[in-house]
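One chain, chain A, links the two complexes that follow: it is found with chain B in the first and with chain C in the second.
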Partner chain A sequence: MENYKRKREKQRVRVRTKYEIIGFISSGTYGRVYKARPREGPPIELAIKKFKPEREGEARPTSGISQSACREIGLCRELHHENIIELCEVIMDDNAIHMVMDYAEFDLLSIMQHHTHHLRKPMSELVVKSILWQLINGVAYLHANLILQRDLKPANIMITSSGVVKVGDLGLARVFRRPFQTLYNGDKVVVTVWYRAPELLLGSRHYTTAVDMWSIGCIFAEMLALRALFKGEEVKMEKKQIPFQRSQVNKILEILGTPTKEQWPKLELMPDFQHMKQFRHYSNSLKTWYANTGHKSDQGFQLLSSLLDYDPERRISASEALDHPYFKEEPKPVKHPFLEQNISYPKRRLTLDELCDAKSQHTKLVNMEPAVSGSSTANTVT
Partner chain B sequence: AKPDEHRQDTNGGSREIQLGLSAAGLTLDQLRRLKAYMLRVMREQDLELSTAAIGWVYFEKLIWKGYVVKDNRKLVAAVCLFLALKINESREVSVSRSLQVIQRRFEVSADSILDQEFSVFAELEFSLWVPRREFMPHFLRMFEAIGMFCY
Partner chain C sequence: SQFQRFLLTRYELAEIESTHMIQLTNHEITHLKIYFADLILKIGKRLRTRQEIIATAIVYFKRFYINNTFYDIDPYLMAATCMYLACKVEENPHHIKHIWSESSAMFTETSPDIRFPYDIPDIAECESYLLEEMKFYLVVYHPYQVLIDESIKLSKPALQASWSIINDS
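Let's look at the complex of A and B:
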């Protein structure tokens, strides 16, 4: 057995020997993302997502590979589309799962922030339309494969330096309508509150593709105005009770007006419908809001309001949206909007975090004493 | 039907499969017992029946690949069920508690399950979503086996 372990240790692919970590990109609840480049082969850039063990600090997590890693990897293996982040390789190293993926130079959040803080001018209509079309195209592919993204937000929408959209972060994504899955879903809080559909805010337990379409509507509006459309304050969860997101609902009502029974026939059947009585009456002001952004296309407004339809059953689907007249009128969406318009944004800022340093120390350690490499854990270094 | 044919039928196997199995030192009896273990864990932990069916699909794939031999059959089957549980359960289940039940039922240590998890995951080519056509036959057969009838 010891021999076998030693042999396996020798054969094991190590992240650092195969890839050079250039820098640290971001971290989240799941783990950390690094930018890397293969040591051999073509000089391409890749992103490596390192999942942290379920409980950090433990030499070995008690429940093995985290559930979200299993799901995300399992899903990514099945998905191949130009507007979805591609998974290249999975490596187990250092007691953590590493996903090696396409690298995208930007994300929509950083691009919008750059426009707000540095350029101080809106994104051009061609860019907005091209990004929106590609985003819908990627989501249409997911929906056609019975997958919900469930956490669409600007930070999760990756964009390459030429302007190709890559929908990323499928950590919350789920396969839906499987005959062998219950409709009720255990993990309750999904979708960042600003992009959360009204039916979820009113307690619906049924996740449908319409949830993603609502988020796309919010993102479209945000690209036009460079600020979030419904910027509510999230009520934090207390005592494991899902709170009613009062402020968020109020923000939606302020712009879209109080929903009527005609607009949303099943409104009264929503579990948290009783909360609706506490709001005063609003009328729909989306048209004024749209006019204030300076965009003139009436079709653009039509698409936005179909994405933000209160009734999830009537809300436009991804495949319908792709054929919307808005995308047929000039300027027509293009595949590489940044290239076409000669736009360049500042590159992603990379930092060398403590983990990169720990990694280099770790490499030295491994070189001196190969036998300890399997059990040493760089991720406990803080 | 002759007993022989019947036996083949219930195992969904042909002569070819049986030859492959004996090369790996596995018998149909052993496999049947492993399937029963999966169902037992499923019931003890109140898991979805589909979880056991998916776990079994993984296990069969690994048999085809020649990854399963007599000595590791229990361990591999245990890991398959463990992975199926992570991907398929939509309710919140306690993964570590299920792991305890699995290790007891399959008579393998939790440590060895965790140790093998990644190898099995990689051997399955990280494809944990099984197509309906691969999944349904096992699901229906297990459905009958636990005494419920779908029609």
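Let's look at the complex of A and C:
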């Protein structure tokens, strides 16, 4: 095995030999994301996601790669679609997995925040519609390949500087055909609470692509109003018991009204149905809500309410949604909305703090490989 | 990715294997492959995993030894690692400890006087080599579902024969 290790070590390409790290983008429980540029070839921008080595400080690994890294890499490797983040390659370096991916200048969350805090005006209908259509297009591709995204939210929707949507973060995504274990057993809680579909909130053990469509409905509404549609307060998990998300359910009822048996025939079969009795009766006020956003398209309202259908079986599917009349009426969705409308948003901020951190790791590398890393230090500083 | 990257013709494979033959004969390589495929199957049975996961593990094992010889990494360790990774990819994860204990039990069964010479970190480390060697292409397609869908049309012996062929892949 020692021989093999040496052979492997020789073949290894170091991330920093091949790519130049321009800056640090963000970090999360999984690790860190950097912006980078290849040292050779066309000058394109890339994002490098570096997974944390499982426990820092430990000399030897104890459990191998995490389930979420495994999913994300396994799935992204097979997926190629213009509205899905493309995985270019995976590199093992410094005991950590580095995913080299498409770089997107913005994400939907940052764009919406820019509209709220700086521009103080809503997103134009053309932009909303174009983003929505591309988002559905990407998700339709996932669903056609029997994959559930399970964590659609504005922060996970990347947008390039010309306005092309790239659905990202497939860490929770999984194939749903013939599961060896029920979806519920695999991951008890899925989807960020504001974007979680009612069947999930009511403890459904089985769920379908409709959960992603609900999230899309919430995101559509959020683009129209520039604030989350159902902004419930999450009840934290206690003693490994999955709590009932009372506040979130209440927010949904306030706008969509109390669901009737006609609207959702299988409602009473939901595991957490008994919780429904504690709420007072509401009637549906989505129409008023929609009118208040200032949007006039009736087809837009039709699409929104089909996405937010209580009954997961009746909720509109991604492929149906792509053909919705809303996308056929003016203004029609375009591929590069920002380019056509000449809109520019402030670029992603790259923090320097973390860059210093990257540099300190870098110096470590310099000691090991002075010839390769020397030139890049100068570049990173500038 | 399976189609684009891992389908080799008989001749390509023979060529690669001829480079390995400095140390082992053609026959020995074939025998070792059959032996370890069977070993993975036995580990899988101990873990009570499904046939498809076992099949994935065997495919990983074979992919690894396309470009590496049995001298590079001990195939016993690799067999355990393939099983561990396959369970994760097929969404039926087992704790690494569990994989380790079943694999070492299996090992003792086949050679009672030697202890399984690896520990848990070895499996985790070996996994990273396996991943790299496969260039992180993890999804394996098995035609089991096609067979199940077609099974109504087939006669019993034909069904049995096709099932064995798939198991053999």
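Here, the second predicted complex is superposed on the first by the 336 of 382 C-alpha atoms of A that agree within 3 Å, B and C clash if a C-alpha of one lies under 4 Å from a C-alpha of the other, contacts with A are read in each partner's own complex, and residues count from 1 in each chain.
Convention: a residue touches a chain if its C-beta (ideal position, glycine included) is under 8 Å from a C-beta of that chain, and two chains touch if they have at least 3 such contacts.
Please read these numbers as outputs of a predicted model, since none were measured by experiment.
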{"item": "Chain B versus chain C as contact partner of A:N3, first or second or both or neither", "value": "second"}
{"item": "First (chain B), second (chain C), both or neither touched by A:I65", "value": "both"}
{"item": "Greater chain A contact set [chain C / chain B]", "value": "C"}
{"item": "Touched partner set for A:E78, first chain B, second chain C, both or neither", "value": "both"}
{"item": "Which superposed partner A:V90 touches (first chain B, second chain C, both, neither)", "value": "both"}
{"item": "On chain A, the residue positions that both chain B and chain C contact, one per complex", "value": "60-65, 67, 70, 73-75, 77-78, 90, 92, 97, 175, 179-181, 186"}
{"item": "Residues on chain A engaged by chain C in the complex (per definition of touch)", "value": "1, 3-5, 7-8, 12, 60-65, 67, 70, 73-75, 77-78, 89-90, 92, 95, 97, 174-175, 177-181, 186"}
{"item": "Chain A residues touching chain B - in the complex, by the definition given at the top", "value": "60-65, 67, 70-71, 73-75, 77-78, 90, 92, 97, 175, 179-182, 184-187"}
{"item": "Chain A-touching residues of chain B, taken from the complex the two chains share", "value": "48-50, 53, 82-83, 86-92, 95-96, 99, 110, 113-114, 117-118, 121-122, 125-129, 132, 135, 139"}
{"item": "Complex contact set, residues of chain C against chain A", "value": "1, 50, 52-53, 68, 71-74, 77, 84-85, 88-93, 96, 120-121, 123-125, 127-129, 131-132, 135-139, 145"}
